[in-house]
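Listed next: structures, encoded as C-alpha cells.
Okay, so chain A shows up in both of these, paired with chain B first and chain C after.
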Partner chain A sequence: MSNLLKKPAVRWGALVVLVALAVVLPLMLPEVANDTIARICVFAVAVLGLNVVMGYGGQVSLGQIFFLGLGSYVTAYGATNDWNIVLTFLAALVLPAIAGLVIALAAARLGGLAIAMVTIALPIVGLPLARRLDHWTGGSQGLSSRFSDAPEWTGLYHDQWQLYIVLVIAVVTFVLVRNFVRGKFGRALAIVKENEAVASSMGISPYWYKVLSFTIASMVGGISGFMYMSVVQYTSPETLAFHHSITLLAAMVVGGSATLAGSVIGGVYFVFVPVLTNAINPNLTAMLQGAILLLVLFLLPGGLASLPRRIAGLRRSSGSRPGAPPREEAATRAVQKAASKQPTRKADQ
Partner chain B sequence: MGTFIQLLIDGLSTGSIYAALALAIVLVHQATGMVNFAQGAMAVLSGYIAYSLLGVGLPLIGAIIGAVVISFFVGALIERLLIRRFERGDEHTAVVVTIGLLTLITGICAWFWSYNNQLFPSLFPNQTIPVFGASVSLRSLGTIIVILVIMGLLQLLFVGTKLGLALRAVSINQQSAAFAGMPVGRLLMVGWGLASALGAVAGVLVAPQLTLTPGMMDTALVYALAAVILGGLSSPIGVVAAAGIIGVLENLAAVYVPFIGHDLKVAVPFLLIFVVLILRPQGLFGRKAVVRV
Partner chain C sequence: MAARVTLQGVNLHFGGVKVLRDVSFDVEPGSVFGLVGPNGAGKTSLFNCISGHYRPSSGSIRIDGTEVRGSRPSHMASFGLARTFQHPALQLRETVLENVMLGAHTRLRGGPVAWSLRLPHVVRAEKELRGEALRLLEENGLGWAAHRRADELSHGLHKGVELCRALMMRPGLLLLDEPAAGLPHSEVEQLIDTVRRLRAESDVTIIIVEHHMGLIAALTDRVVVLDHGAKLMEGTAAEAQSDPRVIEAYIGKDEADAAS
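Entry: the complex of A and B
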C-alpha cells in the first residue's frame, strides 16, 4: 500500500481524482453538507496556522482564534465599505500578520513558555476590545456582509459558490505552507524546536525563527478569518472567545501536531466534536473535550494523524517485516542524536 | 485624593488575589518546571467545594478551611495521576496537558454546579471604614491581610522547616535530592498540593465579589500569568510585587484613562509587559537564565 502511494503515476492519478471530486461534489451535495465542508476548510486552515507555530515551531500559542477573528473583522469591514475584494483579502492577511509580528517581537524575547503566557491574553483582551471599537466592529452586534454570495452569471447556489471559494483558498494555503515547512525554513525551525542552543551554534537565531513562525501563523489565521467571513457571513466578539481558542488548540493536538493531515483532521474535530458533545449533554461539553484532549495526550501523543504509522509500527515490531524506518523519522532521529550529544543544563537557580 | 486612596486599596486587594494565584504558579514551576494553566480552574473548583461544604451546613470559616485542605489533596492527586507522566518530557507538551486539565476541571465544575452564577458569602462584612478621608472597604483590607499572612506562613514553611528545606532541594536539583534520600515523588505531590491550597485561598476570597461560575478565574489567571512574566518565574517576591503593581495600575487606569475604562483594563498588564519585555526581557526581578551547552 505505502509502496503503491510512492509511485508518481499513482500520486498524479489520485490528485486528478481529488480535483475532480472537489469540482463535482459541491454541485451534487445538499446545502448542509456543502456548508459543513466549507466550515471544515475554514478551521483546517486555522489549525494549519497554529501548527506552523506550535507543531513545527514548538511554541504553544493560545491566541490563534484572535487572528481568525481579526481577519474576519477586517474582511467584514472591507466588504461593508465596498473595498475591492482582492484588496480586502490582502488586508485580512497583512493586518493579522503585522499584529502577530508585533506580539511575537515582544513575547519571544522571553524564552520558554512566554509565548503561551502572553497569547492566552489575546482572546481575553480581544473580546472587550472588539466590543469597544464599535465604530469598526459594530460592537456586540457584530458585522454581517454578504460579499460571498454567488454572482448571477455562475448560475450557482450561494453555498456552492462559497465552498468553491474556501476550497481554492484552503488548497493554495496548504500547498504554500507545505512547501514552506519542508524547505530551508522548516528544517531550521525543526532545529530551533529541538534544541535552541544547537540552533544558535549553527547560526540560526531562535528568536527570529520564533517570530517568523508566529507571524506566518498569524497570517494563516487571518486567511482563515477571510474564509470564515465568506462562509458564515457574520462575525461578532463571540467569534474570538477564549473557549474557541482552547478548542482550536485541542483540535490541533487531537489531529496531530506537525502534520498537514493532522490540520485537516483538526478542522473536522473543531466542526464536529462540539456539536457531538453538545448533543450528548450541553453541560458536559467542556468536560468531554478536556477528557478527549488528555486521553489523546496519554495514548497517542502524535494525534490521530500518527495512527497509521503507529499501527504499522506495532505490526513491524511484532516481527513481520524489519523494514527500514521512513526517511523523515530517520532525519528527526539524527537531529535528536545531535542534540542529545550536547546535554544542556539550566543553571539559573 | 479620597478616590485615589480607595482605588489604591482596592487595587492592592485584587492584586493580592493575583499574587496568590501567581505564587501558586511559581510554586509549581519551581517544583516541576511547568507552568500550570489550570491553576485558576483548580481555584474555582476549590471555591465550589467550599460552596458545597456550606450547603452541607458547615460555618463559613469551616467550609473555607475544609476546601483548602481538600484542595491540597486534589492538587497532590493531580500531580501523581496526571502530571507525573509528563514531567520529564517536553515543556510545551506539559503546557498542553495543563490546558486539557483546565478544560476538564472547568467542565467538571459546570457539570456539578452548572454555568449559573452562585452567590458565595464573604468572610468580611460589607462595610467601609474611613482612612485619611477615604472610605476603604473592609473586604479589600481583609483580603490583603489574609494573603499577606499566608505568604508569611509560606515563607516560614520554606525557610524554617525541614519539609521546606526538602522542597527547596527538590526544586533546585531533583537528581541530587533523590541521591540524598529524599522522596522526590512525594515532595512534588506536596508542591502541587501547596499550590492548589494557595489557589483555593485566592478562589474563596474572590468568589464573593465575582460570584461563582466555572470561568470565574479565567481573567485572574491571565493577570497572574502577567505577574509571573513581569516578576520573573524564578522570583516569588518579584511576582508578588508585580501582582500588586498590576492590581493598582489597572484600577487607576480604569478610572483615570477614559479609553481603557473597566472593560479594557485587562489590557493594562499586557501593555506593561510589552514595555518590560522590550527593555528587560528577564522580568523586573528575574535573573537571566543561563544555559550551559
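Entry: the complex of A and C
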C-alpha cells in the first residue's frame, strides 16, 4: 500500500482525482454539507498554525485562537470599509504575523514556559479588548460582512462560492507549510525542539527559530481568521474566547501533532466533536470531550494521524521482524534527551 | 581550513565552585590534541567553554586569532567549529540521512519564503547536500544505514552518525567529547582509523576529550592533563603516561608511592 503510494504515476493520479472532487463536490453537495466542509477547512488551517509552533517547534502556545480572532476582525474591518479584497487578505495575514513576532521576540527570550504563559494572556486580554475597542470591532455586537457572497456572474450559490474560496486558501497554505516544515527549516525546528545545545552547536539559534515558528503560526492563524470571516460572515468577541483555544489544542493532539494529516483531522474534530457531544448529552459536553482526549492520549499518543503507522507496526511485530513498540521508543528518547542535556546543564563535578 | 586554538588564563566559576583555573594552551593547526584527566577534572567544561555553551568567568579563547569568548554557541559554527557530545543527541525518529543533513544547516542559503515556495535553487541545494551526506556516510562505513531510522541503530553507530553530522559542517576545528565512551574494543579500533583518515585527508584541527588512554596515545600529537580544573602538565601522550604527577592524579598519592 505504502509502496503503491510512492509511485509518481499513482500520486499524480490521486492528485487529479482529488482536484476533480474538490471542483465537483461543492456543486453537488447540499448547503449544510458545503458549510460544514468549509468550517473544517477554517479550523484545519488554524490547527495547522498551532502545529507549526507546537507540533514542529515544540513551544506550548495556548493563544492560537487570538490570531484567528485578529485575522477575522481585520477582515471584517477591511470588508466593511470597502478595502480591496486582496489588500484585506494581506492585512489579515500580515497584522497577526506582526503581533506574533512582537510577542515572540519578548516571550522567547524568557525561555521555559514563558511562551505558554504569555499566550494564555492573549485571548484573555483580547476578548475584553475586542469589546472595548467598539469603534473598530463593533463592541459586543461584533461585525458582520457579506463580502464573500457569490458574485452574480458565477451563477453559484453563496455556500458553493465560499467553499471554493476556503478550499483554495487551505490547499495553498497546507502546501506552503508542508514545504516549510521539511528540509532546512524542518530539520532546524526539530532539533530546537529536541535539544537546544545540539541545535546551537549546528549554528542554529534556538531563540530565532522559536520566534520564527511563532510568527508563522500567528500568520497562519490570521489566514484562518480570513477564512472564518469568509464562511461565517460574522465575528464577535466570542470568536476569540479562551476555551476555543483549548479546543484547538485538543484538536491538534487528537489529530496528531507535527503531522499535516493530523491538522486536517484536528479541523474535523473541532467542527464535529462539540456538536456530537452536545447531541449525546448537553450537560456532559466538557466531560465527553475530556474523555475523548484522554482516550486518544493513552491509546495513540501520536494522535489519530499515527493510526496507519501503528497498525503497520503491530502487523510487523506479529510477523517475523520485530518492531519496537512506540511506548518504549518514547521512553528511550526521554532518557537520551535527559542524558544529552547533562554535560551542558551541569558542571563537570 | 584547520584552525589554531589559543587559550589564555581561562577561569570558570559556578558560584563559589572553581571548575577551571587559569588554563592556557595552544593547539597547532592540523594537529590532534588530547584533553585528559580524571573524572571531574573539568575536561567537558573546558569543551563547553570553547564551543560557547559556557561563558568563562575570565581569560581568552581565540580561534585563528579571533576572540570567541562570550560568543553565542550558535555563532560558533561561523568560526568553523563543530563538536560532538558525550551522549549523541540524534533525531531518533528521523532517518540517519536526515540527521546527517542537519549538519549542513548553515551552508544552506535561502530564507523561509524561498523554502516554502521550493524555489529551484533551494531544491538544487537540498539535492546536492543529500548526495554529499550519502557520500560521507559511505566513507564512514554507514552507507547501508542512510535510510534507516536512527533509533534502529546501536549506540556505537549513533556516535558514527553524530561524527558525520559534525563533519557535514566542514569544520576547521572539531571537538570530540569522549568519542570512545561505551564503545566495544573493535569499534574503538575503527574510530582510531576514522580519526587518522580525517587527519590525513581533511584540513582540520581536532581536540579530543577521552578516558581511553590507548586512543589518546594512538592519535594525539600533544595532550594537556587537567586535574581539579587546573593544567597539570602538557606534552606528548607518552610523556603524560610516565609523569608521576599524572599517575598521582589518577590513582592517588599513597598508591602511587606504593607502586613505585
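As a working rule, the second predicted complex is superposed on the first by the 319 of 349 C-alpha atoms of A that agree within 3 Å, B and C clash if a C-alpha of one lies under 4 Å from a C-alpha of the other, contacts with A are read in each partner's own complex, and residues count from 1 in each chain.
Keep in mind that, in the parts below, contacts are C-beta pairs under 8 Å (C-beta built on N, C-alpha and C of every residue); 3 or more make two chains touch, one makes a residue touch a chain.
Just so we're clear, the structure is a prediction, and the values are computed from it rather than from any experiment.
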item	value
Partner chain in contact with A:Val253 - chain B first, chain C second, else both or neither	first
Which superposed partner A:Leu314 touches (first chain B, second chain C, both, neither)	neither
Which superposed partner A:Ala9 touches (first chain B, second chain C, both, neither)	neither
Which of chain B and chain C A:Lys184 touches, first, second, both or neither	second
First (chain B), second (chain C), both or neither touched by A:Ala106	first
Chain B versus chain C as contact partner of A:Met202, first or second or both or neither	second
Touched partner set for A:Leu212, first chain B, second chain C, both or neither	second
Partner with the higher number of touched chain A residues, chain C or chain B	B
Residues of chain A that lie at the interface with chain B and also at the interface with chain C	197-198, 201, 342, 344, 347-349
Touching residues (chain side chain A, partner chain C) in the complex	176-177, 179-180, 183-185, 187-188, 190-191, 194-195, 197-206, 212, 216, 324, 329, 332-333, 336-337, 339-340, 342-344, 347-349
Residue ranges of chain C in contact with chain A within the complex	14, 17, 19, 40-45, 48, 51-54, 72-78, 82-83, 85-89, 91-94, 98, 101-103, 105-106, 108, 110, 112, 115-118, 122, 126, 151, 165, 169, 177
Chain B to chain A touching residues, read off their complex	35, 37, 82, 85-86, 90-93, 95-97, 99-108, 110-111, 114-115, 171-173, 214-215, 218-219, 221-222, 225-226, 228-229, 233-234, 261, 263-264, 266-267, 269-270, 273-274, 277-278, 281-283, 287-293
List of chain A residues in touch with chain B within their complex	54, 58-60, 62, 105-107, 109-114, 116-118, 120-121, 124-125, 128-129, 131-132, 196-198, 201, 242, 246, 249-250, 253, 283-291, 293-294, 297-298, 301, 342, 344-349
